[in-house]
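In the two assemblies presented below, chain A is common to both, partnered first by chain B and then by chain C.
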Partner chain A sequence: MLSLIVRRLLLGIPNIILISVLLFFTILGALGSPATLMLGLDATPERILELERQYGFDRPLYVQYIDWVWKALNGDFGRSYATNQRVVDALLPRILPSVELALLGMIVAVTTSVVFSSITVGRRIVQPVVNILSLIGITVPNFMLGITLTYIFSVVLGILPTSGWAPWSAGIFEHLLHLILPVLTVAAYYFASFGLVYRAEYRATSRRLYIQVARAKGLSESAVSFRHILPNSILPVITQVGSSLGQLAAGALVAETVFSIPGVGTLFTSALLSRDFPVFLAIGMITIVSVVVMNLLADLLYVAANPQIRLD
Partner chain B sequence: MARNSLLEVENVSVSFKSAQGPIRAVRDVSFRINPGEIVALVGESGSGKSTTGLATMQLIPSATVSGRICLTRKDGTKADLVSLSESDIRRVRGNEVAMIFQEPMSSLDPVFTIGTQMCEAARVHQRLSYRQAYAASIKALEAVGMPDPEKCMETYQHKLSGGMRQRVMIAMALSSKPSLLIADEPTTALDVTIQAQIVEYLKRIQKQTGMAILFITHNLGLVAEIADRAIVMYAGEIVESGSVSELFTRPRMPYTSGLLKSLPRLGRKKTLGTPIEPIPGSLPSPLALPSGCKFHPRCGHFVAGVCDTAVPELESSDQAHQVRCARWRDIARTAQ
Partner chain C sequence: MKNRNALIGFVIVSIVTTLAIAAPWIAPYDPATTSIRLFEGPSAEHWLGTDQLGRDIFSRILFGARVSLIIGAGSAVVAGIIGVPIGLAAGYLGRTVDMMAMQFINLFIALPGLVLALIIITMTGATMLNIVLVLGFVAWPGVARLARGQTFAIRESVYVEAARAVGGGTAWIIIRHIWPNIFRLVAVQLATVVAFAIFTSSSLSFLGLGVPPPTADWGGMVRSGVDYLSVNPYMSLAPGFSVAITIFGFYMLGYREE
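After this line comes the complex of A and B, so read on.
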């Protein structure tokens, strides 16, 4: 187990380096000098040169990359061009809301998709509902879903806040109340995609002899489903959670924007719009690292949930 | 005798739905099992043995079962398993009738320890604390000759050999002291020495507990070793039944004789070099059953107009010996 963790970690590091190099070089190489980006196309060449010298963009790319990584490792991601704020200061307070949204979204998606697909009592009624919800989750774009949910629950029914973010200091109830719609919006798609994977695996597991054996013991259908089919069908979902958390690492962009949540996603959008190179580079790198870490975690969780691998 | 039989299967038919029409896998099967009796259900692959066993447990939701399967319960009352509600049949499964299966390699849940699964089985029908269930499981594992029961409780199934897994299955099946054990080819997937051990343990446990066993097999050699009585099935029907000694010495139905002849030298250890005569042809498809006697396309005694017209009745050739063959009297006469 320990050697497995070490092995996966060692594999993760070159991965991170490779992707970060790729990111750095495509942004700088393809988009051209950040100075041009910042000053706009009609800037004078002298002004651009001056700015390039000032920020060190005139150095070779690999030097800039090493310089950036070295500073980043020391916690210095530079300063925002737009606000001159330190990138770290701009970024740090935005991490918690994004992480919270992503985690809650995942938890809601996993539990609802797995539980609703495993219920045996009243399956004939539950299944069609699950199917319709899945269809909505997969086909309806996130922004539309977010807006529709807001319309229904906030505008028409008036039971939930339209948007915005209540910090923990505003009280846990207030805090969670503001999270309901964003979390549902994030969870919808994953609810559908986890459900698909889970139900396919569930069907395959149902045909196994040990499930027949569980029935022959005299267990009820729902005990068979939750105690035996579920644990044997959950592994592919865990893998999916890993890669999905990676996707969400940059913040659930759309949900954050629709509900104006002060997360990493909204910062990323504004950084892109204002061509705030150090900010989106920092977010990009953090995303890469968390994707790798999340996948690693998913791998480990997978191993922990599977005795056959765990013990060999 | 009829009053105290444990299981009475009466006119049971099982059919599966399929795109080509209903598959009538088991047709009009009737037999009974007395308390403490070991009855073998014999036949080639596909003859409907497992289906009969599973129907008794009501474990084939995809099939339609008709007829009556009457069980004398532990409290002395009788219940028709076919018409029992889902929650009532659950109190029978594992509790009064237990079942073990052909593939021990896939009979155990891979994500739980043997101990978890055994305790689960012990606690389904009995009010036991986890401690008591654990102790009972250890005892049950000892009874089936598990070398190190404590260690076995902690392991996962993939660490155990096929023989060990089947022992666990037997121990688990016995945890609620069922009055009937349906053993569906419990040794087929195991190698010969292990087979013999498992059969030994089954016999020993049967003696100790006095439960009845329906032993499903296609191996007549095993039938001779374990069973008191045997029921021979062909293409979903019972074609012959009687005491094992009677069937082995005086088989009346040509199919049973064929099975006996295809047996590699009964009762002798060295089987190498002995001529065996397999029955020519193969089991008909359940979707295209022959007319009359279902065995007639493969039968050496076939007479056109006699065998392929009406389905022969199952008749008593002797006390407690039944045969389904239009010509059994002629055949018996010429054999003498």
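After this line comes the complex of A and C, so read on.
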């Protein structure tokens, strides 16, 4: 068990280095000068040279990469070009809202998809509704979903706030009220994709002998479904959660913009719009590396949860 | 069941494509012409009303279909050009080639496509060509994985063995015997790439980082309507619905029972 975890980690670390090198070299090397990007096309060559020296873009790429990573590991991501604020200071207060949104979205998606697919009472009515919601979740882009929900619940019905963010200090009720629509927006797609995976596994499990035994000994359909089929069908959903994290980062980014949530996503888009290179480089690298790390962790969790694959 | 899904998808995609091609002839107004009739609701003259510059929303949606379809189809072509050869090579040659290709494919599949696309497009400039290239590049691993899996499955079949027995070279076998057999499934997969590309490019425009205005683009139209949701909801909801129904069409066309 331990040796397997160590082996996976040893395989994972080169992946993380590879992806960060690839990203850094493409962004700084292949896509044009960051200095030109930040100054605009009509910048004088002298000004570009000056900025390149100031940010160290005139050094060889591998030196820049090692320097960037070394500083990043020490918590220094440079300074914002637009505001001259330290990137860390701009980033830190924004992490909590983003993580909260993503986490709640995942929790809502997993519980609703699993519970709604396991319900046995009134299945004839519940299943078609679940199917339609799944189709909506998969095919309607996040921004459209967010706006439609805002229109229905805030503009027409007027029962939920349109956008914005209430910090915890504003009271837990106010806080959660502002989170309902964003969380639903983020969760919709995963509700659909987890549901697909879960129902396939659910069908396979319900044909097993021990399920027949559970029925034969007189358990109610509900008890069979929730106590016997559910725990034995949920593992693929956990794997799916792990491999969805990359898409989740993107989905949360759009939802943050729709609902003006002061998270990492809105900082990222505003940095892109203002061509603030140090900021979006830092967020891009952190996001992508953490996605790879999370995948690795999900992989390990899967190994820990399933004794069958520990043999290897 | 499967055929019904594909049929629904085919009908929707055909309608959207026809409307996009015929846009200049059927659109009642020029998509860029402004007027003084701002924020009007639906009427006989303006079927879906007008936006904040008095432009006809229905006409802009028709022209927006062109942008979406060109980006969608273009990205699918790029993803196919990169993904198919890699998938074929990995599936047929196996061993080291396969191992390296899969390592790469799995790494790329896990990455957040939108985040990657946003950075690259900001660096290179938001032109249609750049968006097509970037989205195709982000989507290729899915195509490669499918092509690899299918190639792997028929590599040991009798007719491939026969081709090998008569002395066929690797390239000849792949092109003449394997590709024709996996072509249809790859084409189906490319429909989902179109859906992905329309999904992502409209998200880019919604964030203000896609095809720049004044081009009529669905994501951009939704963005500009957000501030006026209570004034004229059609500004956002109509183009947003168009994106959703188009994605739905391509998704159904490319839907496979796993």
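Things worth noting here:
What we mean here is this: the second predicted complex is superposed on the first by the 294 of 312 C-alpha atoms of A that agree within 3 Å, B and C clash if a C-alpha of one lies under 4 Å from a C-alpha of the other, contacts with A are read in each partner's own complex, and residues count from 1 in each chain.
Basically, a residue touches a chain if its C-beta (ideal position, glycine included) is under 8 Å from a C-beta of that chain, and two chains touch if they have at least 3 such contacts.
On a predicted model such as this, the values are computed, not experimentally measured, just so you know.
Overlaying the two complexes via chain A leaves chain B and chain C side by side, clear of any clash.
Applying the stated contact rule after C-alpha superposition, one finds that A:Ser243 touches chain C and leaves chain B untouched.
Superposing both complexes on chain A places the Cα centres of chain B and chain C at an angle of 90° as seen from the Cα centre of chain A, in steps of 10. Look at A:Leu209: by the touch rule set out above, it reaches chain B but stays clear of chain C.
In the superposition on chain A, A:Phe25 contacts neither chain B nor chain C. Of the two partner chains, chain B is the only one that A:Lys217 touches; chain C does not reach it. Contacts of A:Leu273 after superposition: chain C is touched, whereas chain B is not reached. In the superposed model, A:Met144 makes contact with chain C only, not with chain B. In the superposition on chain A, A:Val291 makes contact with chain C only, not with chain B. Legend: residue contacts after superposition of the two complexes on their common chain; A:Tyr65 is shown touching neither chain B nor chain C. More chain A residues lie in contact with C than with the other chain of the pair chain B and chain C. Superposition on the common chain places the nearest Cα atoms of chain B and chain C 16 Å from each other. Chain A residues in contact with chain B (one complex) as well as with chain C (other complex) do not exist. Interface residues of chain A, counted against chain C in their complex, comprise 15, 18-19, 26-27, 31-32, 37, 135, 138-144, 147-148, 150-151, 155, 162, 196, 200, 243, 245-250, 253-254, 257-258, 268-269, 272-273, 275, 280-281, 284, 287-288, 291-292, 295. Within the complex formed with chain A, the residues of chain B that make contact are 57, 59, 86-87, 90-95, 98-99, 101, 103, 106-112, 120-121, 124-125, 156, 158-159, 169, 172, 176.
The residues of chain A lying in touch with chain B in their complex are 208-210, 212-221, 227-228, 231-232, 305-308, 311. Contacts from chain C toward chain A in the complex involve residues 103, 107, 109-116, 118-120, 122-124, 195, 199, 202-203, 206-209, 219, 222-223, 226, 229-230, 233, 236-237, 240-241, 243-244, 247-248, 251, 258.
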